[in-house]
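Note that the chains are named A, B, C, D, E, F, G, H, I, J, K and L in the order they appear, and that numbering of residues resets to 1 at the start of each chain.
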Amino acid sequence: MQDKIKKILVINGPNMNLLGSREPGIYGSDTLESINVKMKKKAGETGLDIEFFQSNHEGDIVDRIGQTDAGGIIINPAAFTHTSIAIRDSLSAFKGRIVEVHLSNIFAREEFRHRSLTAAAAEGVVCGFGAASYMLAMDVLTGS
Amino acid sequence: MQDKIKKILVINGPNMNLLGSREPGIYGSDTLESINVKMKKKAGETGLDIEFFQSNHEGDIVDRIGQTDAGGIIINPAAFTHTSIAIRDSLSAFKGRIVEVHLSNIFAREEFRHRSLTAAAAEGVVCGFGAASYMLAMDVLTGS
Amino acid sequence: MQDKIKKILVINGPNMNLLGSREPGIYGSDTLESINVKMKKKAGETGLDIEFFQSNHEGDIVDRIGQTDAGGIIINPAAFTHTSIAIRDSLSAFKGRIVEVHLSNIFAREEFRHRSLTAAAAEGVVCGFGAASYMLAMDVLTGS
Amino acid sequence: MQDKIKKILVINGPNMNLLGSREPGIYGSDTLESINVKMKKKAGETGLDIEFFQSNHEGDIVDRIGQTDAGGIIINPAAFTHTSIAIRDSLSAFKGRIVEVHLSNIFAREEFRHRSLTAAAAEGVVCGFGAASYMLAMDVLTGS
Amino acid sequence: MQDKIKKILVINGPNMNLLGSREPGIYGSDTLESINVKMKKKAGETGLDIEFFQSNHEGDIVDRIGQTDAGGIIINPAAFTHTSIAIRDSLSAFKGRIVEVHLSNIFAREEFRHRSLTAAAAEGVVCGFGAASYMLAMDVLTGS
Amino acid sequence: MQDKIKKILVINGPNMNLLGSREPGIYGSDTLESINVKMKKKAGETGLDIEFFQSNHEGDIVDRIGQTDAGGIIINPAAFTHTSIAIRDSLSAFKGRIVEVHLSNIFAREEFRHRSLTAAAAEGVVCGFGAASYMLAMDVLTGS
Amino acid sequence: MQDKIKKILVINGPNMNLLGSREPGIYGSDTLESINVKMKKKAGETGLDIEFFQSNHEGDIVDRIGQTDAGGIIINPAAFTHTSIAIRDSLSAFKGRIVEVHLSNIFAREEFRHRSLTAAAAEGVVCGFGAASYMLAMDVLTGS
Amino acid sequence: MQDKIKKILVINGPNMNLLGSREPGIYGSDTLESINVKMKKKAGETGLDIEFFQSNHEGDIVDRIGQTDAGGIIINPAAFTHTSIAIRDSLSAFKGRIVEVHLSNIFAREEFRHRSLTAAAAEGVVCGFGAASYMLAMDVLTGS
Amino acid sequence: MQDKIKKILVINGPNMNLLGSREPGIYGSDTLESINVKMKKKAGETGLDIEFFQSNHEGDIVDRIGQTDAGGIIINPAAFTHTSIAIRDSLSAFKGRIVEVHLSNIFAREEFRHRSLTAAAAEGVVCGFGAASYMLAMDVLTGS
Amino acid sequence: MQDKIKKILVINGPNMNLLGSREPGIYGSDTLESINVKMKKKAGETGLDIEFFQSNHEGDIVDRIGQTDAGGIIINPAAFTHTSIAIRDSLSAFKGRIVEVHLSNIFAREEFRHRSLTAAAAEGVVCGFGAASYMLAMDVLTGS
Amino acid sequence: MQDKIKKILVINGPNMNLLGSREPGIYGSDTLESINVKMKKKAGETGLDIEFFQSNHEGDIVDRIGQTDAGGIIINPAAFTHTSIAIRDSLSAFKGRIVEVHLSNIFAREEFRHRSLTAAAAEGVVCGFGAASYMLAMDVLTGS
Amino acid sequence: MQDKIKKILVINGPNMNLLGSREPGIYGSDTLESINVKMKKKAGETGLDIEFFQSNHEGDIVDRIGQTDAGGIIINPAAFTHTSIAIRDSLSAFKGRIVEVHLSNIFAREEFRHRSLTAAAAEGVVCGFGAASYMLAMDVLTGS
């Protein structure tokens, strides 16, 4: 039904730059760089264009979503998942496909992390599988 | 009671840059640029100075409110309406007059959009009239 | 898109007859009569028909809304804003345009005044500007 | 156990006078008059006395309940269902039988319409069947 | 501090006209007439003017409060205690003294009767003593 | 608008098999068997096919709804009214007409029985009239 | 219906010993001693026995209620009004008559003071009239 | 860290047997059978053993989880997601890996579907991608 | 007051069949079988008839309660404690004595386990003592 | 696992001294003395030391818990069950075993008695069996 | 602005006497005595008078606050922080300066410890630094 | 236990740059510059390195926390205290010591300022003492 996606934008929210050293008991020991490398490799295999964007700034993420020419977005809004209506609105305005991902299982953490303000604007959610959450999201968008 | 306002600062919050293409069923087909042009024209007719500021960054909006020498602010905080105590506090610190505006009628949308954290720091609110909400706010501040 | 409005019905809810003497710190010193005079004058200038109706009775307001042949309604439901589903329903049944107004900024008052049951049935809301709230509502309906 | 009812009072709350033209998608295209005609015909067939009362005024409804000599009441409190403790109290003071009816299924509408303040004072509720809700209520009170 | 009160207005809300026959287990067997007679007698003894007003109509009560020239009001808002912001607002606009009374102890009844919207606008409350609640309220206003 | 219904499935939820001996102060002394006999007789008079199903198992009720070839369902979900999203979903998937019934008036019982999860999937609700609730539901579905 | 009361126990809760100097804007400038003197005088005039008990200790108040041979209790539970189930239970166990009093109008203060845990165990409540609240309570118990 | 999984048990909850004909606007037009065929094919390619179990009975699902010798479970609890602590507890007792899946995006549906009681007992969740949700879950468990 | 109980029915809810291997940190290492053996032995010593019933099916438990001829029930509803109104209703319909038991202290676990829907239909509750909870319940019912 | 307990401290909270005369419909006609006599007798039979402490003072109970050299505590916190974090904290600091008991079934009483602040600090709870609740608690602590 | 404080009263609430042995994981291993010694030493160095008061009795604390002639209070209300309006009121009546302290960080503990009823009556709060919290509070009051 | 801290990073959140002119009734007349000067002087006396960072941007604060090599952080998150999970998460990821400070007593302000999302990630909180809050925080981190 939808055109084949040619470019994917991968967005990571606040503190994701610290991955690997940040609370490894919760988030694991993979670094964000290592996850990106895997995604890039997978994208390369199928001729898919992929861009990575990490920011601790809600506004930068809204800016980027509003400007991208990608056909699909994989977004881990991190802490903004639970607080940002601005990102939800920018995702609603985006015309391509969207998958929300989380490294950890948000349902198994503090009560305030069970709610996602942003997920309603996505097509679906993958959470709890560490780096694999991102790879699965790629599979969703590439239809593999 | 208050001095005549000589300059107005018009602030638009997150995703307002997308106006016209963003969910036109809710927000209409006017672009932000077209609204600004109308306001500028109206301001020009009465010798009023007017500045426009749009940002997807809560912090930029707080910065701007704290620095402006305008006598009045027209603000559409968009998604920040419902989440930003920082903007509320910056508006409370501002010494001029403030009108909050919305394109859509926030009372007729999702439950979480009925609440305004920022409105308590304004003199009043105009919502639901699309571009006209802004023109009415100008009328409030210029006393016409 | 909509036909030009030829008649406006202005409805004021409970205790609005006391305006001027009632808690002037909140509601100002304008009387309802003085506001109506201003509106009548403005209407006269553009050949618009205008009717005024004040009642402390929810039922009278519902009756009036159900019977009017006006093309637009400006309503300040006062206390009924927060309690009357009957008025909300009568406004929903009304086929013309509706603007809800308030003298004071309901967001800056007691918690129970932040909620409006009636506003969802209106096109939009203007609140916080005293008598000017009504004049702005007229501008909305007359498109000036 | 109870004496046979000789007279029924049918009460319709706010905006029910607009039936037929009011939001037909929700309330159907029957007019209140057409429903009353059907009820009158049915009553006539069994020698039952029947009175009709519609009011947009909570107080009129309370007055009428307090004064009636009917043995049974069929009431569609409409918007007052969700807001009127006064009608609930007058129904509790009434010594005959009471059936609450609604044209629409209140459980399938907005959250605030799921609650009935008045139903606890009735013997039971029939809702969702349009005009038929009233006919069924007659059957309850006449035991047919 | 306050001038001696010369006239008292006694207001009784919805269903109070049924007193004596209405749920005597809760409200006792005194009729409203018998209570008024006692109050009139007491007032007569001290040369105090006293007026009685009962209505099932919220709007009539608001009207009366707005028009009275009495120096003090004794009000039993009955069911409106828990639902009427309009009466609360009219009491707030009244410049004399106000005592809220209830026949029954509202704290010992259903949860929804524990809250009084109107009491905040009164000087104080007397509840639970049947007819005596009114006599005590008179004592408050006359300083005896 | 809808085809005439040829078969009705009557579903009774948990503990309905105990009717007659179970808390007769609330549920009356009719047995489920006696109610079914009355329904069968009424159905026979109009050539309507009728089936009865009682189960204490939520899953059995979901199974049955999913498998039935009836054109209409009369369901008293009993305790499942307040807890079963599974039955709600199976009713939503059913293509015929649905009436929810209750022996007792659920609005006059414990707070947790005021809410119906299942009713939103039905056309309407009849509650509070004991065995008669079922007969009225038949009238709804047969249009008599 | 009840025997004439021969002895009254007046109980004052925490911080009432500071009356007169404690937040006079809220509680007035009467001292507890001066209130007691007035009550003693009034009691003396009718041969009524009266005892006074003030304590900042919830347990002492529970002890005293459990031991008293008075026929009536006038209690101002002060802060314990909103927190003490123990005092509520001791009042429920008391076999005589009980009037709860407050100097200030609890409905016009902070939200958490609107609720009374203890009042449900009393016959009624008098609040908002300063020292007069106590005198009215005496009138209730002595039937004057 | 974990042994390679040799057998997967796929559990589908209530009304999933109706897939394809049930509310296709929400759930799509795939049948459960067609999804199972795809999963079986994929499993066959890697020598993985796979079992399918659909039930409308919470108890059957709990039974099956307690008895299985599979090393991993893919579960779509459907309506039970939001109501079943029993299934949550059985999943917590299971010693293998667990992935919760949903065809639709539960965050974009009714409020009561945003909460998952069962997800806290799973490793993670995949929702919103129709049949693909299941295939991704297989990828998680097989590490492909 | 009550006849001596001759037969006791012991009901265990979902996942209790897994006892011993299921989360031993919470539930201990006793198996359900070992608890039953102890109860059987104790029953044998006093000539008491005892039956054991474990089910993961809410409906089976409701069935069994409705059919039993036992004079007393000891029930550990497990997860159904917090979700089953159906079991609560079946217990309310049961005419003998009922004791609810839990292995763990439900007040010291997750918030959602603090509430018991079923306990209100029992005579009392014993929780937190592992297998001993059952033995104490037997003592209650046998009066030893 | 734990050493055999040599001394038990039995603590009874507010109003328990009134047992026998206090609301016998709820609490039964046993006096606290009669319960203590039974416990003392039972203790004597096994050479167990037992102490009794009743107080209406939260502070005295906290004092006693902090000072006791008993190996086990049986506590009926009565009204403090629902309000005292201080007793909860003192129980948490106590190093021996703790059983909370109640005469009545707290789940079958007013909503505010369903919650126990103190129970989370105990090993378990026995409630609803009158005097027997205490005897069962002794059995728990003595392992009989 | 304020006079130099000559005497400080240090108040410690329930279970603080157990410090050092009580849950050292939360409260540390300092005893209250050791903290007092440090404070006394510090006070001595600047000629400040200091008094220590620990009580498990809410009433004793209220008494002491009402009687003290100190110019400043350092209070650790412990469990009473979350439950005592009586102490809040006594602090509000106190005319000197007040600092609330806690050994642990109340925001990082159970939800019910996040709320402080008493803090609103203090000048400020120091929490989370163990014994140092007290020393810092002294610095506040002495201005060092 | 912890190494001596060699560098402290002082972070001030939104609108703190306006200190001195912003709502001086709440925040006092000290400027942020004047507070920093005092802190710098104190740091200089003990050879401590100190850095100051103020931003109205949540993202800048998250960035800075993630990059700093300081051993301790003093943070006044201002409005972000109540809304930012991103800052909470960045503080949780920081390996040094953290003290949260506020100029005003957050417990004595609007309800929505009583909650701190960030404080749970800090060691403790100092609030209410104006500029002194910062100096005390320095004392905590330097152990003086």
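Rule of thumb we're sticking to: a residue touches a chain if its C-beta (ideal position, glycine included) is under 8 Å from a C-beta of that chain, and two chains touch if they have at least 3 such contacts.
Keep in mind that this is a model prediction, so the values were computed, not measured.
Steps from chain A to chain G, taking the shortest chain of touch contacts, total 3. Where chain D touches chain E, under half of the residue numbers in use are shared by the two copies, so each contributes mostly different positions.
Taking the mean of the C-alpha atoms as each chain's centre, chain D and chain I sit 47 Å apart. Averaged C-alpha coordinates give centres for chain E and chain I that are 54 Å from one another. One finds 31 Å separating the Cα centroids of chain C and chain E.
Residue positions of chain A touching 2 or more other chains, listed in rising order: 57-60, 83.
Interfaces, counted as pairs of touching chains, are A-B, A-H, A-L, B-C, B-L, C-D, C-E, D-E, D-F, E-G, F-H, F-I, G-J, G-K, H-I, I-J, J-K, K-L. Residues 57-60, 62-63, 66, 83-86, 88-90, 92-93 of chain I are the ones that touch chain F when the two sit in their complex. Residues of chain L that touch chain B in their complex: 13-15, 17-18, 21-23, 55-60, 78-80, 82-83, 112. Listed in rising order, the residues of chain B touching chain C in the complex are 105, 107-108, 114-116, 119-120, 122-129, 132-133, 136, 139-140.
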